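You will see subunit A twice below: alongside subunit B first, and alongside subunit C after that.
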Partner chain A sequence: MKLKKNLALSDSGFVFDPSTGDSFSTNPIGLEIIRMLKEGKTANDIKSQIIKTYMTDDVSFEKDYYDFVNMLSKHNLVEGVEKEKN
Partner chain B sequence: MLKKKKINVAVTGLNAIDSPGPGVPVIRALRDSKLFDVRIIGLSYESLEPGIYMHDIVDKTYQIPLPSAGKATLMERLKYINSIEKLDVIIPNFDAELFNFIKLVDILKKELKINVFVPTLEQFEERHKSNLPEFGKKHKIKIPKSKLIFNIKEIPALRSEFTYPVVVKGKFYDASIAYSPEQVATYFNKISAKWGLPIIIQEFLHGQEVNVTAIGDGKGNTIGAVPMRKQYITDKGKAWSGISIDDKNLMNMTRKLIKSTKWRGGMELEIIKTSEGDYYLIEINPRFPAWVYLAVGCGQNHPEALVRLALGQKVEPFKKYDIGKLFVRYSWDMIVSLDEFEKISTVGEL
Partner chain C sequence: MSAKKLQYERPVIQKLNVGLMNKFGTRTEYTPLTHIDGNSVRDLLGKFGSPLFVISERTLRRTFRDANRAFKTRYPKVQFAWSYKTNYVNAVCNAFHQEGSWAEVVSGFEYQKALNNGVPGNKIIFNGPDKTEAELKLAIANNSMIHIDHLDELYLIKEIAVESNKKPRVAIRVNMDTGVYPMWDRFGFNYENGQAWDAINKILLNDKMELVGLHSHIGTFMLTPSAYGMAASKLSHLALEIKKKYKKNIQYIDMGGGFASKNTLKGSYLQGIDASPTFDQFAESICTSILNAGFTETDLPLLILETGRALIDEAGYLLGSVISNKRLSDGRRATILDFGVNILFTSFWYDHKISPAQEFSQYTEDAVLYGPLCMNIDVIRENITLPPLKRDDHVVVHSVGAYNMTQWMQFIALRPAIVMIDMKGDSHIIRKRETLDSIEKDEVLPKYLKDFKL
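For the complex of A and B:
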């Protein structure tokens, strides 16, 4: 899954989508995941990183991760949803 | 430092109210100009247009006759105003007054040396809401399915052509969403009483409304364009705050439209972006929108560019604008002396 390239992220967890004008707030872990997604890391890379840093297990991570990713997709923050038109 | 050129510019649309006219933001843009030192002459229709009393915005205001009085009456009044103010440029900001100003463009230039940079009559007519479907076909732009109705008896038959809800629009202003034939009838009566016939019935599109303020040089070039998404909308559907966005499809659509129409002057495009990513043009306003000052905040001073074009100067297109800039509108109570109100109401000048 690829996030939109032009998403603007701030250290406070403010996410701005310049193509729609939508803005969102996320918590520090959400921000960390979004940053990793922007860097092109896979779900497995992200899982390893989160499990190494925080006290959580595979099952909890996957449940929360896919919830979060679905939310990103629902809010149209994922690339490839819209085609470029003339 | 470059010395600013002194010019006198007359501006209409001083009604900075809940459905605001573009006059005050256009003036603010001109006051920000690095090229011009402007004296602003306000042209008003009513005594309670707030811009009349904003003395740091407008230097002097004159009442002008309502558009229904016709172009000859307007010309007489402009001759009088010009004899005192020596106008260089007039910027009309209302759809309803544009017809008269378009008709007077040549005569104002020839007789009074006043420059007005507005759309041609053909451009003005073909983008009318009632002509929009043909406009879309001609310029290859998607338009929501629309139908003109002239009689309330035509409402029941709409069910065979449209799925409810539908949008009920007046030919100049006003639009309401109707969920049933009964609601269409209510809006038909309400809107036609105010703006006349026909009434436009338009397919309701689910999606996000996005708007563009733009300016064309009349030769097919887009001098500037800034897209915006409304963030806070009043019950009249007006943007009370908005944000500049980065939408290449929208910019392509704007440039294509300006190129194809050879648009002359300021404009606002109202567009619905559907969830499938399609763009439907729902309206073209033939003048700057009331949120045009956002373009200035984003680095494109469209009113200044319009004045330069009006004065016959060569203007290079803007190449970029700031994304993620917001405007947030506010209301402000001014205290006005009765003397001032009396003066504009009786003498027609302040």
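For the complex of A and C:
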């Protein structure tokens, strides 16, 4: 999963897509995931980082993660889906 | 020792739209409701199971006293009669009877319930189009007030009166044009076309029955107090004309029910809390009309009110849990709850206020709320803004006290328990959760269908 390069993020969870003019609001965990995706981290990297920091488990987070990236795709914030290496 | 982990919340992202808010701003339905009268929602669900209906006795009595005050400060003779069909769980009925309400019933089954609850026969109002001969005989023997709906009933009561040598206490139900649509002309006798006078003449010329009252019930979820004022004027006019023609005082005028609660009707621009009139507005309209009609002080009739919904809706809550979250094909979030339209019948016509029962951050998401039934119609809210709920989180549906505990269906799932939280904050189970036995105890399986081989 590759996010659009020029997405602007603010610390308060405001996301701006300059290519469409659309803006979005995300919660702190959503922001953290977007930042990690921008850094090029894989789903597994992100999962272990979140599980290390937050009170959640593998299964719960996996469901939420895939739902979240689907929404990023639906909101047209993704450039292309790459096959992730585990 | 590892550092303490942070509270997890499902990641959400929501597109921001401008120019869509109305002048009242966004709704804040997602403020959590963690406790009801001092009882934690989580503890209640842990103790009594999920889903669960909860009645706040404190809210019930406070609402009743508010309504009672609104009418009694404007009119000297007021009597409430608890509308059994709105909620006939005995604990609820008896709380209203303790507050001084008579009983208003619309079937033989409800009549028996009122008797079993200890309501004296002469304080039961028997309404409705379907009263059997046996039920009428019982009501006449008990000296109850029988509100006649149609001529067949009028003639049947007359026959029973002759046979039993008793003089039944009757009223007629009058339907009329009060300027609201639809006009409920299927019940009772019409005012404008003379049917009401026809029925009155039949009763008073015959002398087999005692005409004690006049009754109207102009509609349901009425948002226009002035319509009640018009109905009260027309009934008062009838009463005064009866006095003129027959030298007979009508003892009471029964304005029925139909006052709107604070729920929000589907499609309503304003929320119910802003759109629904107060008891004071209804009382002002009704009482002023009767007081101005021209009765002498001694002839003023007793004013009876059968309001149900507006008295009990707010006292009822439905507590439930999240079963799952999923995405619909268009990207909308769908949350499946463990209660559906089978027990929350009123979700067909209200956009019920639904709150999460635990604290969340300020982030929210639009969602559709579905019930657990394997039926496409099982939709609790078509569109609601809620914080990110996860499996086993709890929600609270507000203002469900009216009709849900009488119109609920035993369909696919068993019906939940009902708990009442008393004035001190203690919880009491007032109806047990159904079991398979409670459904099957009345079934009879013919012997030849007992065995099969697969």
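Just so it is clear, the second predicted complex is superposed on the first by the 79 of 86 C-alpha atoms of A that agree within 3 Å, B and C clash if a C-alpha of one lies under 4 Å from a C-alpha of the other, contacts with A are read in each partner's own complex, and residues count from 1 in each chain.
Please note the rule applied: a contact is a pair of C-beta atoms (placed from the backbone, for glycine too) under 8 Å apart; a residue touches a chain by one contact, two chains touch by 3 or more.
Owing to the predicted nature of the structure, the values given are computational and were not obtained by experimental measurement.
K.L.:
Using the touch definition from the top, say if A:S60 reaches subunit B (first), subunit C (second), both or neither.
P.N.:
Second partner only.
K.L.:
Which of the two partners, first being subunit B and second being subunit C, lies in contact with A:N6: first, second, both, or neither?
P.N.:
first
K.L.:
In the superposed model, which partner reaches more residues of subunit A, subunit B or subunit C?
P.N.:
C
K.L.:
Based on the superposed arrangement, let me know which partner A:F24 touches: subunit B (first), subunit C (second), both, or neither?
P.N.:
second
K.L.:
Same subunit A residues contacting subunit B and subunit C, which ones?
P.N.:
The overlap between the subunit B and subunit C interfaces on subunit A is empty, containing no residue.
K.L.:
Touching subunit B in the complex: which residues of subunit A?
P.N.:
Listed in rising order, the residues are 6, 8, 16, 18-21, 81-86.
K.L.:
Under the definition above, what is the set of subunit B residues touching subunit A in their complex?
P.N.:
Contact set of subunit B toward subunit A: 208, 228-229, 231, 242-249, 252-253, 256, 277-279, 323-324.
K.L.:
Would you pull the subunit C residues touching subunit A in the complex into a rising list?
P.N.:
For subunit C paired with subunit A, touching residues are 5-16, 325, 327, 331, 361, 363, 388, 390.
K.L.:
So in the complex, which bits of subunit A are touching subunit C?
P.N.:
13, 15, 22-30, 33-34, 50, 53-56, 60-61, 63-65, 67-68, 70-72, 74-75
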